[in-house]
C-alpha cells in the first residue's frame, strides 16, 4: 500500500516534469512546425544555470532567474540561427536543432566539466514533510508538485484567458492560421520558441537537483520527451499531458516491481537463469516508453489525441 | 523512329562512361595504389575505418538524401549486421555445420542479411510515417534496441560485447586476414562492392521511385506506386548496406559491443552524410573521409574536437546545405564561369574572413578547455602563451572573431548575388 | 447501353459538419469528353479527390467499368486505369522532365518495385517515355529540371504525367488555369490529341474550352449536379443561368461561350 501511494505520487511528479518539457516542445512544434531536438539541452541548461546562479544568490532567486535566462538563450537561438534556416524547410530546421543539441552538450562539458555538479536541494526544503505508513516523504518532491501545478495553471490561464493565448490556440488547431497572424510572425515565433525553452529551463531547475545534473542528462531524457509527444499526438497539448502522466506513472510503478519474467511466466517453465527469465519489470522501466511508442504506432499511428495527420 | 528518339534522349555512351564507370575505375585504381606507398599500421587502420564509414554513410544517404527519410537510429542496422557477422565468425571458429566452409572474407554478406532483416522488422512500424514523425520514431526504436542490447547478454555479450577471431575457416584470395595490410584488401574490396552496388541501386526503378517519393509522395500515388511500400523497401536495403558495413567492422575490429547500436553512432553517421553533402552520391564518402580523419587525429590534438565537429555541422546546415560536395561543385563551376576573377576574389575574401573568425573561436575554445580541465595547462600556439587570466588572450580572440565577421559580412552580400 | 466507363452513385462527402458533396450521381460512357463546371466552392475538386482516391467518400460509390473503386487507395485506383492531374502543378520538381515522365510510365510497363534492373537498359521504358514527350511536345526540353520550366510547360508536364501510364479514364483538374490565350489554344489541342479514344473528365473555368471540347457538361452547384447534358442544352438551361448569374455574372457561360 505504501509503495503504491508513493509510486503514485512520484509518478505524477515525474509525469508533470515530463509535461513541462513536452508542453514547450508541443507549443513550438505546433506554431512553427519545428521539432526542437535541442529541447532537452535547454532543460539541461536550466539545471546548470540554476546551479551556478544558486551558488551565488541562493536557490530562490535562481528558480526565477535561470528559466528566464534559458528563455532568452532560446529566443536568441531562434533570432540568429533558426530563422536563417527556416527557408530550407522543416528537415533543415530539425537538423539545425540537432547540431545545437550537440554544441550545447559539448559546451556544458567544457564549462562545467564531465562529471556531475553538486547541484543540491535547498536546505529550506531538505526535510521529510510527512510520514505515511511508517515511511517519510521528502518535502522537496511536494515542492516540485506545487511548482508543476502552478506552471500548469499558469499555462492554462495564458492559453484560455489572454489574447496571445487565443492566437496560439487558433494556431494549434489551424496551422494555416499562423500565416494570418499579421506581419509580426517572426516575432511571435521568437517569443514562442523562447517561452518553450524557458519551460524546459524551469523543468531543469526543479528537476536537476532531484535527479542528477550532468552532461548526459539531456540525452537521457530527450528521447523520452519525444516519445511523449508522439504518443500524445503531435501538436496536441492535451495529448502531451495525458502521455506525460501515463509514462511518468508507468516508469515509476515499473521500477517498484522486482518480479522477474521467470516468476511471472513460471508456468511456461522459463528458467530464471536464462536471459529472458532474468529480466525484471524494474529493469524494463527505461524501455517502457519506447515499447509504448511501438504499441501506439501499431494501433493508433496518429497518437492518443492527435487529429492532424502529419 | 522512336528508337532513334530514345537514344538521343539518353546520355551518350561516352557521357555514360565518364559519369558512371570512370569514377569507379579511378576509385579502384586509388584503392590498389594506396598499399604501394607503404602506409604505416596507423594509416592502415585509419584507411580501414574510412572504408567502413564510407559504406555506412552511403547506406545512410539511401534514406536521407535519396528517399528524404531522416533517421536518428541507423546505427541499429550497422550494429545488428555486425553482431550477425560476429556470431557467424564464432561459428566459423567452432566449425559447426555449413559454417566450416564459409570464408571470413564473405562475412559482410551475413552482415547485409542481418541488417536487412532488422530493417524489414523495424521498418514495418516506422515506415508508416514520413518526415518528422519518422525521425522521432527512429530515435525511439534505436533507444529500444540499444537498451535491449545491454539486456540480452547471451546475444550481445553485455558490456564486454562479443569478440571473435578472423583467422579461421577457408581463406579466399590467399588472404589469411591476419596482418592489417591483408585486412586492408578485404576492406577495400567490400568498400568498392558496396559503393558500386549502392550506386547501381540509384539507377533501378525502385531507386528512382525513392527519389520521386522524396520530392512528391502525393503524386507518386497517382502514378500507381504506394509511397509507404517504396519507403519500406528502400529502408530494408539501407539497413542491409548498413549491416554490410557492420560486417566489415566485425572482421576489422573482431569485437562488437552494444554501444555500437546506440544513438551516438547514429548521430555520427548523420553528421558524416550531411557534412559531406546528401544531394551528391559521393558526398557521404567525402564526409566519411573527413570525419573519420577528424575522429582519429583531431581527438589527439584537442579535447574539444566534438565541439569543432558540432560547429562544422552547424555551419554546413546554415550556410552550405549542400555540404562539402556542394561547395566543391560550386567552386569548380566558379572556376569555369567567365567572370571567375570577381567570384574567386569574393570567395577568397570570404574565406579569409572565415579563417580569421575561426582562429578567434579556436583560441577561445582551447583556452576555455584548458581552464576547465583544471591542470593549469596553458594554450601555447606557436610559442605564444595565452593564459586565461591574460586580457590579451581575450582581446585577441574577440578581435579576430570581430574582424573575421566584418570581412565576411562585407563580402557576404556580394556572394549572395553571385550564387543566385 | 454498354457499361459506363465511370459510374458515380449517390456520392457524398462531409468535412466535419460541412457537406461538400451532397449526393452526386453521374454516368459517363466510354469515350465521352465530359466537363464539370460550376461556381467556386461548388465541390469540383473535392469530387475529383473522391473519384481518384485522395479522399474517402462519406457514402455512395464509384465504379470504374464494372469494378468498384470507392474506398480503395489512390495508387490502386491508378493501376486500375484512372489517372488524374492537379489544379496546382504537382510534379517532381527536382527531377528532369524526362525523369518525371519516366516515373509515370514505370508501373504501367510492369517494372514495379524492381531493384535488379537498370532503368537505363529498359528499352520499352525509354521508348514509351520518348513517345509521351513527343506527344505533348516537351521532347526538346527533356533534360531540363522540371522546376526550371515556364508555367505553361509545367502544366503540360502535369498532363504528360497524367496520360503517361496509359489510363483509359483521364481526369484533368483545370488544365488551362492561369494560361494566356494562345497557351490555352495549344493546351486544348494537346488535350484533344492526348486523350483521343479515351474517356475524359475535365474541370474547367474557361467556358470556351468547355464548350469547344466536351460532348456533355455537368453543372455542379453546392455539391449537387443541377444539370447534365450536351453543351446546347446546358447553354439554354434556366437553372444553370440562375446559378451562374446569381453568383458571378461575369463568368456566365452565355457570355464566355458566345465569345
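Chains: A, B and C, in written order; residue numbering restarts at 1 for each.
Throughout what follows, contacts are C-beta pairs under 8 Å (C-beta built on N, C-alpha and C of every residue); 3 or more make two chains touch, one makes a residue touch a chain.
Everything quoted here is computed from the prediction, not taken from an experiment.
Both chain B and chain C are touched by no common chain. Note: the chain lying farthest from chain A is C, by mean C-alpha position.
If you average the CA atoms of chain B and of chain C, the two centres end up 44 Å from each other.
In whole angstrom, the spacing between the mean C-alpha positions of chain A and chain B is 31.
If each chain is reduced to the centroid of its CA atoms, chain A and chain C end up 48 Å from each other. Among the residues of chain C, none is found touching two or more other chains. On the side of chain C, the complex with chain B involves touching residues 52-54, 73-75, 78-79, 83-84, 86, 90-95, 98-99, 102-104, 106-108, 111-120, 122-123, 126-127, 129-131, 133-134, 139, 142-143, 161-162, 164-165. Across the complex, chain A is touched by residues 68, 70, 72, 125-126, 128-129, 131-133, 135-137, 139-141, 143-144, 147-148, 151-155, 263, 267, 270, 274, 304, 306-307, 309-311, 313-314, 317-318, 321, 365, 368-369, 372 of chain B.
Within the complex formed with chain B, the chain A residues making contact are 35, 81, 84-85, 88, 90-92, 94-96, 98-100, 102-103, 106-107, 110-113, 219, 223, 226-227, 229-230, 234, 274-276, 279, 283, 286-287, 289-291, 293-294, 297-298, 301, 310. By the touch rule above, chain B contacts chain C in their complex via residues 2-3, 5-6, 9-10, 16, 200-201, 203-209, 211-212, 214-216, 218-226, 229-230, 233, 237.
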